[in-house]
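Naming follows writing order (A, B, C and D), and every chain is counted from residue 1.
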């Protein structure tokens, strides 16, 4: 008697528009109906142009000392953008920090992300109704909030879902496991969107996950899981639509691994040449999601050099305006350190705010004895 | 009015807040059909159903992290952590997110969360079922930390916590869960967070304490012939220094009592504040009667570790004699 | 073009001696050579008798107020016992708290576990060389220590492994995920042995893991993973031998899900009737690992009623002696609160130990001013 | 002797201890070929290989938890946590296991672990890269907590920490990683854990501080014409109260300076202890110059939050005038 099979499964890989320009019509345009209409496709590409320009300018802002640490998004535009495109405007986007493309598509004003990296909390004051949570610095922690946000939507029967973004490294954190496990076992409509960009700072993906795919992380939870080419916006949109359907119809979560690559350094504080091969970067430069999409659009006669030039010019203008808005915002006031700490500020914090002191003598001048002599008398009274 | 234990008072507050507001939901390990390992959520699952009283996977960071998401979406989740010893896995979500969300988003997102946690020693429980971690959380800005010492306060403070727009850690001193009963009004009422309670008035010495230690202080006071003012903090952060100050300016002598270890325990903060606010009135250095700077021992020795009435009495004598 | 398969896998289920007494010779005695020789099998069964008696007595000690909370092991004897049996004496056992059978097999004196539950740390002072870590109260945390212990063995090239035990509930904790992920990606020889006993206190397994098996948790890490009948000591030993080989030869970890059942309450503080069905318990009573093994031994003429009687009598004697040793141990001294805190006790702790006070006035009598009058003078000096 | 930065001094200590003792291994995120995000482990991977300098998965609880296992097996692991803001996920393993293993096993198993963590603000870093969590860990019995304020101390304290048979959290004030250089002996030497350093002597006021704040205190002292004694704690737990006491009995006036929030910060403990030990010598209440009871703001406002020299100078004036 051989061993019994208790469980069998498979992870699919989705690729629609591959790096050589070949397009899988069966998946990309089932029944002749493209999963991304041409109009939208052009808009998505134009949006990528905007984001690429933004990235370039943000990098320069940091280098010229006008902004703090900044994590380049370059090369990863198709992931969060495809995801945001496939969702409804009231689905929660729960990002990490490399999802400019998706957040801007949703409508986040460009200057918000700059403000964040300029060390200003107002960059996180996401306008109401935008359904975006702030950039998450502590890796792997935000997925749990996505689970909670989606859970609340389910509780209220709203048919909204949450899509949370994170890197390959983030899947090593315990909080990722707990978020996915909660979602799977309590039937919560979350999409776990992993951007596997090959590296977590200097640590290669195989140290985070030595399994053949990261997508199989989801199998642990009995979650529908899929891998896709993350530089192929069609593949991303394909997976997202399936996942969104599953979430909305059955409150079931999905794990998506989008295979992509971080073309730049981890952040402006990093120098990736210390740990990775120029050849590897070169290879991925050729797989740039923008090159691929542009070629496709050109081939389809939806794009040309003139349009490109115009798009880049528009992008430049928009980014310049955003930088201006971010840099012209009035400096935060020291009181801002305190003002948002609680709905109602405790007395002690009011005093700290008024005096900008933590040492008590300055804070309670009425208690300062006029002279030292008086002090002793007082004490002995 | 009914004569209730602390457990019953909490249970009643939960029921009433859940009746009033369907944003209130409970989540945690064994809080459902089992009613919690201390039976604090007894009957709630039957009453409110499994959408509002949710047994979760065994994962404290998951419980708090998803509750943060629930709260960000506008619900009023009340996660239960089964014992204070298991709050550690959730420390990061509490300090990194719950405490920071309002200020890091400049108020765009908030976390109206009440984390219920049984706390403290004295019930002969296994390892990690008897600690007192309140000082950790009092040191984390953005949180409020409360600990009732009586059934009456338990109900009023819990209702305040649930209605509070910011995250509150609500510690429940398990040693007095069922130790005594008290008249607790049937109607809902609140006890303001941030206000201490003068348990008994006195002129010679001020004792400041909270949680189950308050009962030990009362015992020590009863056995003493000195006139002692006992302040039950009720809220650890924000600290009600006014009430303490008024008392110390009268007595000039202070004893602080808590179960947590001495070093960097919240007693240190009280001592420091008392010195700052009442320096010229102090007749003796503030004395702290606390757990030792050791791991809470297994239960055979736990009563030697805890600041029991006798140790408090000794400190009273010392501070009075100074 | 259909979707590409990125990954395919299967979870096997191992059952050798099933609840109806049928024995799979192909797995249980390949080439005619039983994986557990008859002699050992008898010893293992006798050991189960000892542990069952121990459990019964420990329960009564709690009920009569002579011991604190105690978690019954009843019904789960085959899991940790089979595991300990299959390992070498210097492999680390990293238990949770329901592994009496395995620990006692290794040689842990019976009174240690009693002392632990009697609220005495000396129950954790495991004799050197026994390679056992103390019972772990915080769920899910000890697997990481197993990963570290096994890592150290690998570092030293010792060919020792670590086997860590935990419940179904524990697999929901983030630390489990991190321990398994470290072991898989850094090639560390750990066996993750999950005792899926259907419940985590009152919470059924499906809330911890709604996937068809818990074993598939291991797929997330690319770890060899297997499910077995945890009430079948042959199946446990089979899986353990495979896993141990893999660990020793290739430093690879394994995830084993042993399906078993907690016949008693969670602990003496629990009342399982509040949340689970008597019928379910009844069903599992019939699957008791001891009944199964005894029937098999009887059928093989290796056991009879007389032997049973003698074994029970020996067990009773051994347990009675252990209780005596545990209860006769001298009370711990208050100084013991301090003595093992650090290799060298800080001064401040020495003072706390000597005075049993935390308030300073009593601790530093030399600083107490003789009178209050003197005090003022002093201060103004 | 070489003129080294704090980063270089730590790097040197690591190399020397690894050369001497092959039980010493390093693990963490990016500590390998990249040499750590602050380059503290630069060159070590090349020198000692990937068995002894190990890039781990991105999981802080995993790093500390597995390091605990390594230590229990007799190695001397030195895990690095990349920033203090990411110590939170490891809080539970540190407090529940590293701190307790020796006492819960009555010495049968021990955890000779040195956890290296960059700490503190002032470098214009993103959120959660500028906190000061030392008080949390000082409150957890079973740990030792150190924080050097100079290259010389950094080397000697780290060697002591690595050789210490108990778990040590070694905080590295990142603001002064490269802020100045100091002569650091080439030979190995130790600085005892638990001993403070009198940085400068004085008669009027005692300032107690640690980490990067020591530099701010020095600035404030330089600008003052008072005679000020500055004590750099070096070790936070166990606290060297003797050195503080000796100073306060001379000066009668005390300012404590740290970056962490005021409430339940370690300054409270120092204030409480000073009162206990020097009550009759105190001419003014101990004053604390610390971070506010708020979240460390994003970097535009971080210098307003931190206890910079100016704020210290004001406190000096106030405490002198009292």
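Simple rule for what comes next: contacts are C-beta pairs under 8 Å (C-beta built on N, C-alpha and C of every residue); 3 or more make two chains touch, one makes a residue touch a chain.
Nothing here was measured: the structure is a model prediction, and the numbers come from that model.
J.: Give me the set of chains touching chain A intersected with the set touching chain D.
T.: Neighbours common to chain A and chain D are B, C.
J.: Measuring centre to centre with C-alpha atoms, which chain is farthest from chain B?
T.: Ranked by distance of C-alpha centres from chain B, the top chain is A.
J.: Between chain A and chain C, what is the gap in Å from one C-alpha centre to the other?
T.: Centre-to-centre distance between chain A and chain C: 41 Å.
J.: At what distance in angstrom does the C-alpha mean of chain B lie from that of chain A?
T.: Averaging C-alpha atoms per chain gives centres 37 Å apart.
J.: Taking each chain's centre as the mean position of its Cα atoms, how many Å separate chain B from chain D?
T.: Once rounded, the distance between the two centres reads 30 Å.
J.: Could you list the positions in chain A whose residues touch two or more of the other chains?
T.: 121, 138, 172-175, 178, 181, 185-186, 207-208, 336, 341, 348-349, 360-361, 369, 375
J.: Touching two or more other chains, which residues of chain B qualify?
T.: 56-57, 59, 61-62, 85, 88-89, 92, 96, 103-104, 127-128, 141-142, 237, 239, 263, 276, 284-285, 287-288, 292-295, 298
J.: Going by the touch rule set out above, what shape does the chain contact graph take here: line, ring, star, complete or other?
T.: complete
J.: Given the complex with chain D, which residues does chain A contribute to the contact?
T.: The touching residues are 68-69, 116-121, 137-140, 169-170, 172-175, 200-203, 207-208, 269-270, 274-275, 331-332, 334, 336-338, 341, 348-349, 352, 356-362, 368-369, 372, 375.
J.: Write out the stretch or stretches of chain A touching chain C in their complex.
T.: The contact residues of chain A facing chain C are 1, 3-15, 24, 26-27, 172-178, 181, 184-186, 206-213, 215-222, 227, 376, 380.
J.: Touching chain B in the complex: which residues of chain A?
T.: That would be residues 121-122, 124-128, 133-134, 138, 141, 144-153, 155, 162, 174-175, 178-179, 181-182, 185-186, 336, 340-343, 346-349, 360-361, 364, 367, 369, 375, 378-379 of chain A.
J.: Show which residues of chain B lie in contact with chain D when the two form their complex.
T.: Residues in contact with chain D: 61, 85, 88-89, 91-92, 95-96, 99-100, 103-104, 127-128, 135-136, 138-142, 237, 239, 260-261, 263-269, 271-272, 275-276, 279, 282, 284-288, 292-295, 298.
J.: Can you tell me which positions in chain B touch chain C when the two form their complex?
T.: 29-30, 32-35, 37, 55-62, 85-86, 88-89, 124-129, 255, 262-263, 283-285, 287-295, 297-302, 304-305, 307, 311, 314-315, 318-319, 321-322
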